[in-house]
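Look at the two complexes coming up: subunit A is in both, with subunit B in one and subunit C in the other.
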Partner chain A sequence: MKTLPILAGLVISTSLAGAASAQTDLSLWYHGAGSANAEEALVNELVEEFNASQSDYVISIETFPQLAYNDAVGAAALAGELPDILDVDGPVMPNWAWAGYMQPLGIDESLLEGFLPGPIGSWNGEIYSVGLWDAAKAMTTRKSTLEKYGIRIPTLDTPWTGDEFNAALQTIAASGDFDYPLDLGMAWKGEWYPYAFSPLLQSFGGDIVDRTTYQTAEGVLNGDEAIAFGEWWQGLFEKGYAPGTSQDAADRETGLIEGKYAISWNGNWAAPAVVEAFGEDAIFLPAPDFGNRPVIGAASWQFGVSATSENPDGARAFIEFAMQDRWFTAFSDGTGLIPPTRSAAADTKFYAEGAPLEAFYGLSEGQALVRPVTPGYIVQAKVFEKALADIADGADVADTLDAAVDEINEDIENNRGYGHN
Partner chain B sequence: MASKLTRSNRSGWLMAFPGVALMTLFIIVPFFLAFAFSLTNQRLASPNAAEYVGFENYSDLLGLAVFTLEPERDEDGAVLRDDDGEIDYPRLRNFTRNNPEYPGLQGKREWFSWQSGDNRTVVLASDVVFMKALVNTITFVFFVAPIQAGLALCLALLINQRLRGINVFRTVYFMPVVVSIVVVSLLWKFIYSPGDGLLNNVLGWLSFGAFNGIDWLGRTDTALPSIMAMSIWQGVGFHMVIWLAGLQNISPTLYEAGNIEGASKWQAFRYITWPGLRNTAVLILIVITMQAFALYAQIAVMTKGGPLDSTQVLVFQAVERGYGKQDISGGSAISVILFVLVLAISLVQRYLTREK
Partner chain C sequence: MATVTSDNRGLRLWTRYAVLILVAVIFVFPLLFMVMSSFKPSTQLLLDSKSLRAFLPVGDLSLQNYTDAFIRAPIGVFVFNSVLVTGVTVVLCLFVCSLAAFAFVFIDWSGKAVIFSVLLATLIIPYETIFIPLLLMASQLPWIGADGFELGWLNTYRVQIVPFIADALSIFLFVQFFKDLPKELIEACRVEGASWWTIYRKVVMPLSGPVIATAAILKFLFMYNQFLWPLMVVQEESIRPVMVGLGYFTDQLNVPWGEVMAYLTIITVPVLAFYLALQRVFIASVASTGVK
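Now for the complex of A and B:
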């Protein structure tokens, strides 16, 4: 029901724009229609304040459900009807830039000082998009659980080693107190797999694609490190440490709180519910270090300027207007997402010093690695997802990774290298 | 033929126009586009212009090779065995990856294999996922078409009676057809859910707890049969109605005559009902076959082709590649292959069920 007054506001603001002919109309597309938290309302508020703050531009916002958003942008691009300002998911951005949907952002780069690496979207040496927030993941569990089984509580400086982590899972599994010691979120198909699990592979020393050239996955996704990761990954399910690909989606949401799982590999967006359930007992731990370094994924939704925009200056003005600590703080408070700068974090209710999710800011700062920055990522993500699901279901590790490499390389070749400089 | 068309008047063409136009726009044109795309390397979104590549998309999908693996032997030529007594073979990837001695195997993967003496014969495919999708789709049609048609006929015979409240039964059987297949798939996903799922609970209760819960959609041997079962249940009502229409077209006088001559119930069915349903049967068989080949929503909602490709099917693969992986040409090639397959099977069915 909340949308009604907003819609009314929109109608009024757009009709006012028609009256004041000196102003330039700009359009903004946004992915979060019907989002459960305050994100959508905040974006509307941001647009209204921007419109009120100056007299050159009037932005009208159109929101889409997330599942239909990327399709809508693709269709609009084909029809030549892209909006001026695009909302884009971080790992998808290089594809859109390469496909000619977006133009380099061209904002004042001093505004990006002190930013976490995740919310800055750059490709081929140009910045194309910038985010007002980031997301992070952590091994979510209870202090009392770890203490009960005599497991060391890791810190950002000394995370669990791979052996330590495996031993912890073994100890918890042997106790028989939980259905599974570890919940990886296998029920969340799609982007969750590359977002959440490729960091584990990177921690072993492998990757989805060779980042020096982005022209091959050979030796990276099927090298010795990747095969070691695959064997470990398969073992998690063989030994019954984690529920597999047929995990019930409801268990993913509530399993940790209900005591079915001991440790959950989950995002900061799920953290408020855990804090609410366990209070001080809830802890958010860094990813284990499997040899290379501990890694978590980074980059969330960001704003950029479409290639066909006739008023890129207006679009830039809007994005620069949004890049203020007060907006970062407002979005973080409203959605539980991580603000992109430390100064903004200091004022938020979740990430300030001593606040319940403070650990996530450190995780984002210390461990975050963006997903492969290449237009081919959207294909590579799907190939990776299938490979991990198959290995979890018992497929031969080396053969599966070989097949994934072949498919990724073939796709890169079919796209003539995806235009990397 | 031509004379018939020219004899048709203008209002006839006018009335046909909306249907013909829509079918042309949404079925015939896309089909020719798919065929054209399948000969190029067209992408969904790309700054690169599409190029003509001939039948490369088809050879990438359909390429096959047979290879015999010889066991590892020690210096005396004796076959090496591992701790379980299984014969040790060299890994296939030694031959299929960057091995200049076997250019025909480059990039191919094992589809299936069998043992012959000490050797293992392996059939490799360029695209194992596509091959599995092809086999699964045909398996699905092979089981669903006869079972669904047979069940639908039984239901139609049951409800083709003058009983009080028979409409209630007709409605109940027809209900799943009216509900969106996506909703039905979601519901059945809960029914098949491992652990506390409805089906596991019911089976456990019926067997007084002796039944151990099965992860229906998570096992390679139960996933496809589970989807077949729910698909049959969902579609059976529709075909029941078509059978029913056929049944009600049979003149009651034939049954009266049969009665007078002392025909048993079975004889009445065998010599009156079944011949009377002949055209209906042909229609139903062809319709079910075509619908079954188009299997998509159940897979997309329930398994996404998993586990281990045991529920991969052609349409799902076409969408996954063409849209998900932006490879329009690859998806188009699968669509064209599917079209040829369905056309061939329909023609064979028409031939086998022709009027003799």
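Now for the complex of A and C:
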């Protein structure tokens, strides 16, 4: 008599095991291990909901510290151990696509209608990755400061001209009320330099590389416009308008709030602290227009499908699942980052109409330009960073930019043009 | 004359101590900075770094950085992994390398000199230069475990241990030490009929305390500080070592320096404990062999 229940149990457990094994396992690598904000928890929540929403796929997450993430992906690609779904920084994506780490996304592109340009990762005419958020920068200051010195408050439609901006810095510097009129964030290194400062170069009419072909930096990084930018850049430090490369990291974090700086060139992630400190006196202003047009940087972390994934349909299903306003809103509310669509922004606590950071959405919409979309960007970014730091430290502008152009062109040549169509 | 000599001796003693204290301070200051900073908020830490306050327990002191560090990263897991990987590697390295050195010094076999020269030559090859081919090998190595036969060693403890068991420096240290042992002792054992294994186990190794300590400390430090290799071969958080864990405390722009200092202080404890345990024999080894 005991045999029957045992057999029944075996049959049931075998059936359950069979049902479980019908689900396909997918892996997702995420870069934010140890991140102090809510992003990691939200990614986990997103995956849990996706797993619960259907019975075909089960995604497991492996988190990496951001410092080591790109190297870990490179090593895994070499060993043939890439996951199905990759988390990738927007400007790095073309390099991974070119290197064969990623495959075109192939998702329903109607899902991307109304997206800001930054969260869409395209290269060579194909979309490879999509992000759930974007980041933007602004000239952050106090309304009362500008009013005190009789400086016009610019708008998205009528930003400061280069001359206006320079005059404002001169006026504030002459007052002696601040250690420096402008904080550019020189204490931050690495990707901050191309992300924050190449838009200023682009506003002068230059760029890191010629975007028409991506085969040379000649004429754009060392042309007349770039040299004008370089001289202006160097002047900021020579005239004492901004702290240079030896800026104290603590001052970068708190200098504006402590009254050491009048204006800070900073991202939306730093804005909540400014709002908390200054309330309605805090204002977030568009980038100045130095002649070409006002520009800010764009693009953040995005999801893509690895080239070696045996289940790209499942990976795509997950990414499409994530492309919902409710997730954009949840990430924005949790992390303070900018949602990729206006409809999602309308429901967020930071970017809805009348919300404290609303201005940033308009900035992303109106001024954003993604960093050069080329596999060579990861080298070009480092060359650009060094050139700008050297110029800030007093190096000859034309010679430094010429050297940077030579280095970038040599890298492009060594990599046979990086496979641009 | 006696008084003058005594004064000179006293002056020399004071000078010697003054120099030693100065050198000790130079070596201790970075550690002091790390420990003191681990109790300060990041902003205060950076401000204090411009003055001697950086080395003093002053200002807003608390254990908050330690609390936050434990929330940010599974520090216990990382420390356990590092201690496990390092401990196993050190023990296996001491055994394998001392055996190899024993064969080089005490046993006659053809080609010994050539092979030893080739082995020494590998000392000039940085590990970083062989990591890529090593990674490709590790990703294809076979293994028979609980799940049966499988290919690939990635994401395991063994891939963090096995490639580092044998190394030329440890073998060299043992060879140099074994050469100074009295040959007559070994010959007497052989005459008495002792096997090589018995001589190794009961005669040579019991006399090799100083070199064992030196090799163990050097290997321990090398393994405990591993970053690039585990970064390449380990993707699962549950088997990550402490140095990769340091990455949890940085992102693209912001570094919570107070938490970094707290983390560094915590992960320094096993190193200090290991050194203090072997300090006496290590110093004896340095004094007797001049090897550092």
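By definition in this document, the second predicted complex is superposed on the first by the 402 of 421 C-alpha atoms of A that agree within 3 Å, B and C clash if a C-alpha of one lies under 4 Å from a C-alpha of the other, contacts with A are read in each partner's own complex, and residues count from 1 in each chain.
Keep in mind that, in the parts below, contacts are C-beta pairs under 8 Å (C-beta built on N, C-alpha and C of every residue); 3 or more make two chains touch, one makes a residue touch a chain.
Not measured: the values here are computed from a predicted model.
Trainee: For the combined arrangement obtained by superposing on subunit A, do subunit B and subunit C clash, or do they fit?
Mentor: Subunit B and subunit C clash in the superposed model.
Trainee: After the superposition on A, what does A:75 contact: first (subunit B), second (subunit C), both or neither?
Mentor: Only subunit C is touched by A:75; subunit B is not.
Trainee: Examine A:254 and indicate which partner it touches, taking first as subunit B and second as subunit C; both and neither are also allowed.
Mentor: It touches subunit C, and subunit B stays clear.
Trainee: Kindly classify A:245 by the partners it touches after superposition: subunit B alone (first), subunit C alone (second), both, or neither?
Mentor: Once the two structures are laid over each other on A, A:245 reaches subunit B alone.
Trainee: Check the residue A:214 against both partner chains and state whether it touches subunit B (first), subunit C (second), both, or neither.
Mentor: Neither partner.
Trainee: Applying the touch criterion given at the start, work out whether A:406 contacts subunit B, subunit C, both or neither, answering first, second, both or neither.
Mentor: The first partner, subunit B, only.
Trainee: Determine, under the contact definition given at the top, whether A:389 touches first (subunit B), second (subunit C), both, or neither.
Mentor: First partner only, subunit B.
Trainee: Could you say whether A:192 touches subunit B, subunit C, both of them, or neither, answering first, second, both or neither?
Mentor: In the superposition, A:192 touches subunit C alone.
Trainee: Between 20-28, 200-208, 236-244 or 254-262, which subunit C stretch has C-alpha clashes with subunit B?
Mentor: 20-28
Trainee: Under the contact rule defined above, give the subunit A residues that sit at the interface with subunit B and also at the interface with subunit C.
Mentor: In subunit A, positions 78, 248 sit in both the subunit B and subunit C interfaces.
Trainee: Which residues, counting only subunit B, touch subunit A once they are in their complex?
Mentor: Touching subunit A: residues 41, 43-48, 91-93, 96-97, 107, 109-110, 128, 193-196, 215, 217-218, 220, 304, 306-309, 320, 324-327 of subunit B.
Trainee: Mind listing the subunit A positions that touch subunit B in their complex?
Mentor: Those residues of subunit A that touch subunit B are 74, 77-78, 95, 98-101, 189, 244-246, 248, 378-379, 382-383, 389-390, 393-395, 398-399, 402-403, 406, 410-411, 414-416, 419.
Trainee: Quick check: in the complex, which residue numbers of subunit C touch subunit A?
Mentor: Touch list, subunit C to subunit A: 42-43, 46-47, 68, 72-73, 132, 135-136, 138-139, 152, 154, 231-233, 235-237, 244-257.
Trainee: So in the complex, the part of subunit A that touches subunit C is made up of which residues?
Mentor: Interface residues on subunit A, with respect to subunit C: 29, 32-36, 62-68, 71-72, 75-76, 78-81, 188, 190-192, 248-250, 253-254, 267.
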